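Letters are used for the chains, namely A, B and C, taken in the order the chains are written, and counting of residues starts over at 1 for each.
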Amino acid sequence: MAAPTPISRKPLSFVLPTAGGIGAFLGLFLGTGNGSGLIGMLLGAAVIAAMAYGFIVDLQNEKLAKWISVIGFGIVGYMFGGIILTIVAGLVGMFYHWLIYWLYEGRYRAKLLPYLTAGQVLWHYGFRCIAALIFIFLITPILVIIPLSFNAQDFFTYTPGMLRLDPDAYSLKHYQDFFTNNEWQRSLKNSLTIAPIATVISVSLGTLAAVGLSQSHMPFKGTIMAILISPMIVPLIISATGMFFFYSQLGQFMENSLGMDKNLVGYIKVILAHAVLGIPFVIITVTATLVGFDQSLTRAAANMGANPMTTFFRIQMPLILPGVISGGLFAFITSFDEVVVVLFIGSAGQKTLPWQMFTGLREQISPTILAVATILVIVSIGLLTVVELLRRRSERLRGMSPA
Amino acid sequence: MSDSTANGLVLAADGTPLKRSLSRAMRRQKIRAFMLVAPLLIFVLLTFIYPIGVMLSRSVQNDIVPETLPETVRVLGAWDASSGELPDEAVYAAFTRDMSVAIEAKKHTRLGSRLNYEKTGFSSMFRQSGRKMKKLDPVADAPFKEKLIKIHKGWGDVETWKTLQTYSGLYTSGYFLNAVDARMTPEGMAWQPEDKQILLKLFGRTLVMSLIITGSCILLGYPIAWLLANVSPRNANLLLILVLLPFWTSLLVRTSAWKVMLQQNGVINEVLVWIGLVPDGDRLILINNEFGTIVAMTHILLPFMILPMYSVMQTIPPVYLRAAKSMGATNWTAFWRVYFPQSIPGIGAGSILVFILSIGYYITPEIVGGTKGVFISNRIAYHISSSLNWGLAAALGTILLIVVLALYWAYDRIVGIDNVKLG
Amino acid sequence: MTLTKLLTATTALTLVAGVAAAEEMTIVSWGGAYTASQKGAYHDPYSEKTGVTIINDDSSAEAVAKLRAMSEAGNVTWDVVDVVAADAIRLCDEGLALEIDADTMLADAPDGTKASEDFGDLLVSDCFIPQIVYSTTFGYRTDLVGDTAPTTVCAVFDTEAYPGKRSLEKRPINNMEWALLCDGVAKDAVYDVLATEEGQQQALDKLATIKDDVIWWSAGADTPQLLADGEVVMGSTYNGRLFAAIEEQKLPVAMLWDAQVFDLDGWIIPAGLSEERQARALDYIMFATDTQRLADQAQYISYGPARKSSAPLVGKHKTLGIDMAPHMPTDPNNAKNTFLYNYEFWADYRDDIDAKFQAWLAK
C-alpha cells in the first residue's frame, strides 16, 4: 500500500456544487413523487448546498453539525410519515453530513495514490458506487425474506401491520413449526445425513481422479474430463429420470439379493446420485489448484524416500487442500440444495429439506420455508467464516504472505 | 562415453536400454495415473452415463407397436396406403388376433396412448375397442372388418391404418421430428400445423434468454470480479461472502424471494410508489414475463460468473496496467488493450458455466416466467412427469444435450476446461 | 448423546425397522394439509386397528412418471397411491394400476347398497377408487371487486366490470371450457365444440381477450398467495385452498360457486405388487373408502366425500368447529351449475390441445 496521501481542505467552489449535485439526486426522487422532478432537483440542490455552506462557514464544528443534520432530517421525516420514515430520513441526514465533510476535508483522497487526476478519482468512486449497487442486487433478496419469516400470517406478504412495526404482526410461530414439526426435523436430519456422505464420496473419488488427470501422461484426458464433468451439463430432469431406472434396479438387487434394509438402500441410492452430481465441482476446483502445483515437490519427496502415499498425504494434500475444501463445499451445497433428482430417486424415508420446501411451496404456503432459509443463511455465514479461516491457514502453510 | 554405449544404445543403470526403460516407466506412470482416475470414471460411467444413454435412446424406440401387434404389422406392410381404400379382411383378422392377446396382457391401452401422440383419438379408440373386443373370439367370430367398424368407427377410417402403418417400425424418427415441430405423416415429413408449433420457438427462446442472462451476468459480474481482485485480500474475502451468501441460499427460497420483490405489490414497486417515482395506479410489471426470468436467473447464476472471473483476474499483475499508463496509454486504452485481453479466459469460463446451467433450468422460469419466460426444459419436465411422452422428452433432451456439448467443445477449444476455477 | 449411544440407538432402530418391514405400507399422497386430513381420517384409525405402520410419501405430483419408471425397473415400492382421476386413467391405460372390481373389493354402504352404485358415475376408470370430489373454482377479493360481487364465471372474462388481474391455471383443461361457456356455447355442447379445430380456436380467441390480465399459476398454492398479496382480484384454484384462506387465514376473499369443475381424487393400487402386499393394500382400501371414513375426512378439509351415502354424515371441522356441509363442493347450494371433468375427452385431446395452448401462450 502506498503511503497515505496528504489531504487538504477543498475550496467552497468545489464543495458546494458537488454536494448540491448529490442533493439534487435526492430531490429528484422526492420531487417526482410530489409532482415535479425539476423543482425537486433544484430544491434538493439548494438545501444541501446551503447546509454545506452553513456547516463549513458558520458552524465550523463537525460533531455538532452531525447532530443538527440527523435530527433536522429526522424531524422532516417525522412530519411526513411514521417511525420508519423518521429513521430513514435520519440516516439520509447522517449521509449528507458525512458527504459534506468528506468533500470539504479532502478525505476522499486519503487512500488513493497521490498522482491520480481528478477524473481518475471520480471514476474510482463512481466505480465503487456501481459495485455497491450490484452487491445490493445480490444481497437484497436474501435480506427481504428474513423479516417475512417472522410474519404472523401464513403468506409471503408484508402485511400493513409489519410495516407499522406492530409487534402483533410478528411471530416466531414459523420457527416453532420448524423446530417442532416432525416432517421438517426429519427432512433436516436426512439432508444432514445425505449431504456430508455424498460430499465425502465425491471429494475422495474426485480428488484422486483430479490428481490422476493432472499428470502429464494421462491418456484420453479430454474425453475423460468431459465424462466426469457431464453430470453438470446434462439437464437435471433428464438426469433424474435416467438415473431413476438404474437406481431402481440397483435398489432391487441390494434388497433382494443382498438382503439389505429397505431404508438403508434408499439412503444409498440418494447418496450415490448426489455424489455424482457433486463430482464435476470437485474435479474442476482440484484440477485448477493442481495447475499451479509444483511437481518437483513430489519428486523431491520421492527422492528423499517417501512412498507415494506419504507423498500424497504429506506433500500434495496440504497444498491442494483449499481446492479440495472449496470443491467439497460446492458438492455439499449441490446435494443440500438439490430437489429434482431426490424427488425422483428418493422415497418417503429420504425426504430432504429441499424436497420438503418444494412440497411446502406447492401444497401449502408457509413461511416456515423462509424461517428455514433464514436459519440456513446464518449457518452459511458461519460456514463461510470457517472457510475463510481455513484459507488463511493454508496461505500461511504455503508461506504465501497476503500480497 | 563408457560401456553404456556398447552396442549403440544408451543403457540405464540396470543395463536395459534407456529407451525401453523410459517407455516402461512412462507406461507405469500412465497406468498409475489411469488407476487414480479409474474408480471415479467407472462410477460415473455406470451410474450416470449409461442410465442417461438408455434414457435418451427412448427418443428413437418404437418397439411397442411391432411387439404388441406383430401380425398386423406384417400383414399391413403389404397394404397400399395410397390406394385410399381400407385394408382387406386379412388385416382386420390379424388385428383382432393381436388385440385379443394384447387385451389379455392389458397392453392395448398402452399402445393406444403411444399412438395418441401421433394422432389424437387413438387413446380412447383403443380403450373403448378393448372393452368390446374382449367379447370377440378371434377364430369363431370371423369376418371382423364389419364388426370392428361397428365397435369403433375409427377402424373404418383409412387414416387410422395409415398412421399404424407409418409407425410400425422398431425405430422411429417421429419423436425427433416432433421435437422440431415437424411430424411423420404417411406421405413423409411435414411441419406441424402452425398453431401447434412451439418447440422450435422454445429452443430459440431458451438460447436467446440464456444468452441475455449470460450477457447480464458478464456486465454485472465483471466489475465485482475486478473489485475483488483489486482490493486487499482481507476486504476481498469479506466481499466474497456477499457473493457466496446468495449462492448458498436455496434456489427455491431465492426464487420465492424474487417473487416477493418483483410482483405488483412487491417490495420494489412499493418502494418506488413510496418515494413517488411511480404512480400508484401504474405499477411496473416486473414479473411473470421475460424480465422476471432474466432478473431472477441472473441473480441465481451471477456467482457462477464472478468466481471464475475473479480467479483469473487474481493472476493478472496490477503492474501491467501501471506500466501501460506510464508509457502514455490513457486509462481506457490501458484497460482495453492490456487488462481486458488477459481477463478473457475468466469471462469465457464464467459464460460457459452460466450458459450451460441456464439452458437446463426449469424451476425458476416455471415460478417467475409467466407465459413468455418459459424454457425448453419446462416442456421436457412436462412430457416426463405429466404427459408421459418420454420419447419426445428424450428427443428434446438429446437435442439440448447436443447443443450443450457443442458449446462445451467450443469452450474447451477456446479456453480449456482446466481454466475454470470456482473460488 | 455420546457416539456409542447414538450408534446403539441407530442399530436398534434399524433392527426394529427390519423386523417391522413386513407390517409397513407406503402410501403416496400430495403432502401438506391434504395428507394431514388423510392421516386423521384413514391412516391413524387403520394403524390402530391392524398395527400396520403407514409411511407417507409426498410424491403424488410425480406419481405417474415415477410409477411408470418403477414398473419398468420391476421394483414398485409403493402400496397405495393417491392420484387425480385423469392420472388414474393414464396409469390404467399404461397397465400400471390394478383393476378394481368395486362390488367385491370395496365395502357396501351401511344400508347395503353396492359400492358400484354408491359411487355411481364417479368410478371413471377401472382402476380408480374415488375418495373425494373437489372443484376448481374461483375466489375473489371482496374488497377489490367493487360494489357488485361477481356471480357468474363469465365475470372472469369481463375486465370492464372487474378490472385487475386474474389467475388461471397454466394448462388448457378447465380454461377452455370456461372460455367456450362464456362465448355463448351451450353447456352440453362444450366438448363437441372443443373436439373441433374451430372450437379450440374459438376458446383460445376468447381467452385472448383477457390474456394480458392473466397471471398463470402452476401450483395449487399460488392463487391463495396471489389473492393475499392483492396481486389478482380473482383466481381459480381448488376449493379446499380457498376454504383455508377464507376460514383459517381470514382473508377478505369469497368463493364463486358457478361453473366450477368437479374433479375426483382417489386411490389406485400399483400393478405388479406381490400377493401379500396387494392383499394388504386392498384391505386398506376397503377400510379407507367406506362410508364413515370418507365422511370423516371432511372434518379436516373441505372436499366432498365421493360416496353418496357419506354426504349426510359430514360433520363439523375438527379445529374450527364450523359446519362443513355448506363448504362442500357437493352441497346442493354450491352445485347448482357445475361441470364434471370430461376424462375421456381429455385423455384423447390433452396432448394435442396442450401443444396448441402452449403455442398460444408463447405468442
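One rule holds for everything that comes next: a residue touches a chain if its C-beta (ideal position, glycine included) is under 8 Å from a C-beta of that chain, and two chains touch if they have at least 3 such contacts.
Keep in mind that this is a model prediction, so the values were computed, not measured.
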**OP:** Could you work out which chain's C-alpha centre is the most distant one from the centre of subunit C?
**Re:** A
Original post:
What pair of chains is linked by the most C-beta contacts?
Top reply: A-B
Subject >> Chain closest to the middle [Cα centroid of all protein chains] >> reply: B
Subject >> For subunit B paired with subunit C, centre-to-centre distance based on mean C-alpha positions, whole Å >> reply: 31
Subject >> Intercentroid distance (Cα basis), subunit C paired with subunit A, Å >> reply: 39
Original post:
How many angstrom between the C-alpha centroids of subunit B and subunit A?
Top reply: 28
**OP:** Note the residues in subunit C that touch 2 or more other chains, in rising order.
**Re:** 61-62, 65, 229
Original post:
Tell me, which residues of subunit B touch at least two other chains?
Top reply: 265, 384, 390
Original post:
Of all the residues in subunit A, which ones touch at least 2 other chains?
Top reply: 156-157, 241, 244-245, 361
Original post:
Which bits of subunit B are touching subunit C when the two form their complex?
Top reply: 105-107, 109-110, 112-113, 116-117, 120-124, 127, 192, 195-198, 201-202, 205, 263-266, 288, 366-367, 370-372, 374, 379, 382, 384-390
Subject >> subunit A partner contacts - residues on subunit B that touch it in the complex >> reply: 26, 29-30, 32-37, 39-41, 43-56, 220, 223-224, 227, 232-234, 237, 239, 241-254, 256-261, 265, 267, 270, 275-277, 299, 302, 311, 331, 356-357, 359-360, 362-363, 377, 380-381, 384, 390, 393-394, 397, 400-401, 404-405, 408, 412, 417-423
Original post:
Inside the complex, what are the residues of subunit A that reach subunit C?
Top reply: 153-157, 241, 244-245, 248-249, 251-252, 261-264, 343-344, 347-349, 351, 355, 359-365
Original post:
How about subunit A: which of its residues touch subunit B in the complex?
Top reply: 1, 29-30, 32-34, 119-120, 123, 127-128, 130-131, 134-135, 137-142, 144-145, 148, 156-158, 205-206, 208-209, 211-213, 215, 217-219, 222, 224-239, 241-247, 272-273, 275-276, 279, 281, 284-285, 287-288, 291, 326-327, 330, 333, 337, 339-340, 353-354, 357-358, 361, 369-370, 372-373, 376-377, 380-381, 383-384, 388, 391, 402-403
Subject >> Contacting residues of subunit C [partner subunit A, same complex] >> reply: 14, 17-18, 21, 26, 30-34, 55-59, 61-62, 65-66, 69-70, 72-75, 77, 219-221, 224-225, 228-229, 244, 248-249
